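In what follows, a single structure is set out as structure tokens and then discussed.
Per-chain residue numbering starts at 1, and chain names A, B, C and D are given in the order in which the chains are listed.
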Amino acid sequence: MTRGELTDTLSTKIRLALRGEGDNGTTVRVCGVEIGGERIIVAAGPCSVETRDQTLRAAREVKEAGASMLRGGAFKPRTSPYSFQGLGEEGLKILAEARSITGLPIVTEVLSPEDVELVGRYADMLQIGARNMQNYPLLKRVGKTRTPILLKRGFSSTIEEWLSSAEYILKEGNRSVVLCERGIRTFETSTRFTLDLSAIPILKEVTPLPVMVDPSHGTGRRELVHPMSRAAIAAGADGLLVEVHPEPEKALSDGSQSLDPESFRSLIKGLRPIAQALGRYL
Amino acid sequence: MTRGELTDTLSTKIRLALRGEGDNGTTVRVCGVEIGGERIIVAAGPCSVETRDQTLRAAREVKEAGASMLRGGAFKPRTSPYSFQGLGEEGLKILAEARSITGLPIVTEVLSPEDVELVGRYADMLQIGARNMQNYPLLKRVGKTRTPILLKRGFSSTIEEWLSSAEYILKEGNRSVVLCERGIRTFETSTRFTLDLSAIPILKEVTPLPVMVDPSHGTGRRELVHPMSRAAIAAGADGLLVEVHPEPEKALSDGSQSLDPESFRSLIKGLRPIAQALGRYL
Amino acid sequence: MTRGELTDTLSTKIRLALRGEGDNGTTVRVCGVEIGGERIIVAAGPCSVETRDQTLRAAREVKEAGASMLRGGAFKPRTSPYSFQGLGEEGLKILAEARSITGLPIVTEVLSPEDVELVGRYADMLQIGARNMQNYPLLKRVGKTRTPILLKRGFSSTIEEWLSSAEYILKEGNRSVVLCERGIRTFETSTRFTLDLSAIPILKEVTPLPVMVDPSHGTGRRELVHPMSRAAIAAGADGLLVEVHPEPEKALSDGSQSLDPESFRSLIKGLRPIAQALGRYL
Amino acid sequence: MTRGELTDTLSTKIRLALRGEGDNGTTVRVCGVEIGGERIIVAAGPCSVETRDQTLRAAREVKEAGASMLRGGAFKPRTSPYSFQGLGEEGLKILAEARSITGLPIVTEVLSPEDVELVGRYADMLQIGARNMQNYPLLKRVGKTRTPILLKRGFSSTIEEWLSSAEYILKEGNRSVVLCERGIRTFETSTRFTLDLSAIPILKEVTPLPVMVDPSHGTGRRELVHPMSRAAIAAGADGLLVEVHPEPEKALSDGSQSLDPESFRSLIKGLRPIAQALGRYL
């Protein structure tokens, strides 16, 4: 498919999420942080908010290393009902405290339309997770807020379906949508998912929305976070979402893909020359 | 993987949805209709409730042909926000009228935790669609009701993830769960999805829950509904979910996979000898 | 895609493998055995020819139970170079002896253009395995023979690519081609492959070539061979390819998916009423 | 899976293709060109050798822009038997002439064991294409030569299967094997394949063999070749295989993914700062 063909196909179904001829990309502001500009931004932090101490430590470490935002889950969509389900509002309060200490804006997931108001009181950016990418009542609800949205790709969703989901949010009036590639499901078993980096330049062609990449979920293995972060930026991503835990081996969820603070500092250091090579900075 | 290995793997994560040694299968009752017994049941009707006339006609036709239940969507999860989104409560009222005329119990989809109470007032069985298979707030909410649940497989969900989602419902106290295979996403493009019939005997090994199959969504092409319905029953399915529309070419959704009433009658006729060959009836 | 659309798409690339308006299906004769007629045929035997004793025992058992052909591999395409690679010509001689004792025609795999002449001296039907479906020099070579060909589907090949491979054989002059579905690669891990039974009715629409199914490789688990064989026949398959080993637990390859002779007899018995329900016999 | 787990799993099946504790990577020499060292190498040229003029023009252009090797197919594995199948030996002679003019070593595909001797007379490096990754007679035959091998990943092969195929070559005595990622088959339709860049760092962990990437076949769209080439290098690839045609719109195969010479020059220019950022050069 050529660029023109792809845009033609999409334009019969998608309007606001499509880039017009000659349009620049949109930037999305989360508090003072601009996503989609020259600066590449990194949102980092633990998969789950587990304790006050763990979250504040993580927040200080990622701030110091150069992160622009703090990520962390208070409502967790876990495959098994017997897994840790998150601290709920208590977790949101811990995140808010971490923000007041570090100044980092917070991105955190919301799972249900009923919780949008509650989570929106604490979060600076609402995350729609991969499992909820086609949860249309949730998309409509967050579309009615003015909080910026981080819309993760469903793990078996095509780019067309992903943009259609963005359209649900945009159509309700919320124009601050950032897309986040986080790996698709394939037959390969040596990674948890297959990170589809070719989605980045395709999205850059067809949509004005900024694009981030989650190399932690996208691979499921911390050894791959450094090279795939470099690759994501080289492919044109506007930012990264990285899991960092003060003690990954004790994490209640996704420990095997979390970086420790030292590894995160070295990640940021290694990304700067790549950003520069592309005429951007970090 | 042998049966034993599969059960061992699952039992670390799933409890109530697993079949114990020597257990019989569970049967689920929807009004007078028993799912999971010797009788193979067919739930049929339009993809969407579009008008009173269309729905009542469809209901009468499928009843006459031998269907045991009426299916039809009032809340529709559509990929594009510009597609017909369903009639909402008005559609539920039409379904209720169709039930009162034909006596067929109704199965219809619920998309959001907030709508569970409303939809539950009209429906005899609540459908959780493929896109919501991992919508955990929704699973928990329907788990708190006493209405039987039809849990469709996510189109890229493993059998293990599917059973984990069933476990969310069972854990809340609702023990009336029926699983429905509806096709998985693969590289093949001549069908909309690839119907995974091997899921049926695997489920029969590891879980006591009844299993239905949706050959309409599972293939996306009406020409395939007859042979794949026969195959599903031959593989051990307890029932089918079939789209029937009085005038498929005028359908507002999924017309290309809907049978017309005559084709549905011939479907039922063709399935009876297969059921008999397996010692069951329909 | 409707039938018409599918045929239109294919006809720009495929000619001889396409069914014309009103054409009947082709039948392929392997010695006295007709594939594609009213009778459903079963080719059975061990994955690999391991010893004379094992092969002759398997041949007698499958003959007695009702098989029409003997299958067995002398040249084995194994993922690891350290796995048993087959007995080569010695294996072919054992197969020929089994044929002379039982009268069953032999289907066996050929891996290389250079071996076509050798294997063709012993085999009644040449099998092209899944890994070689797009080995065009091999397809061209077998296309120059007059030996019937069993063309397995590549495990990640679309139906269109499969028919294009059949076209390579047909174009060289060999019109005796039987297609064999053997499972496609998907994300699901509880089976080795996902048996794509919807391929059967699609093929029946678009090509006159007979269609067989291999439920042993297609699932990788012997517990699934019975239900998936029933389903394959109910979906319209013209025959089955089933792995049977006198002592599956001692097999040098694919033991976990092989039936023992008793289970094979019970398989055949269970398939007869399904065949009858469809107006066929076995 | 952690690094240790992955290596443990592989080591039961693969020996020579596995990296030992503390081993350095292997480098492979193709005439004077070293693959796997600090220098990132680019092999470029047309998909098919079509005419003497087209090939010599392409060779001069890619040489001038900075390519280290010339790629071009004389034996083409085409899905349809009615597509252009390559010029055969005449094409090999044109490639040899291009080499004598430009000094660029030649990499070209061999499809059949019988052609290994012929193609080996002209080629400096033999390519095993994706469709032949599990063509074991071919792997064994090229393993008996001393010509370096470029082993492309099968489009639905796991990394484990890919390394097992490399093992077939290494086991026969040929230790000059370079792996080439070229995209895997997934459900996504906006690209021809999904380029799996996470394979690069995984291979770097477990095998000493050099790794190249083919962004042309891996995406099927020329607009994606620049960003995905940058990403491949940032992820750690040792080289690229890029399709360049003097007039892409007239190409007999794969025109939509071929760069024109100007775009190729700009590609090389854009890759140099990325290579430098990683402490390598190009």
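Assume a contact is a pair of C-beta atoms (placed from the backbone, for glycine too) under 8 Å apart; a residue touches a chain by one contact, two chains touch by 3 or more.
Bear in mind that the values here come from a model prediction, so they are computed numbers and not experimental data.
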{"item": "Chain pair repeating A-D, as identified from A-C, B-D or B-C when over half of the contact pairs by residue number coincide", "value": "B-C"}
{"item": "C-D or B-C - the one linked by more C-beta pairs in contact", "value": "B-C"}
{"item": "Chain centre separation in whole Å, for chain D relative to chain C (CA means)", "value": "34"}
{"item": "Touching two or more other chains - residues of chain B", "value": "156, 185-187, 189"}
{"item": "Interface residues, chain A side, partner chain C - complex", "value": "156, 185-187, 189"}
{"item": "Chain C - residues contacting chain D, complex", "value": "13-15, 77-82, 111-115, 131-132, 134-138, 155-156, 161, 164, 167-168, 171, 185"}
{"item": "Complex contact set, residues of chain C against chain B", "value": "1-3, 6, 156, 158-160, 184, 186-191, 194-202, 205, 218-219, 221, 223-224, 226-228, 230-236, 256, 273-274, 276-278"}
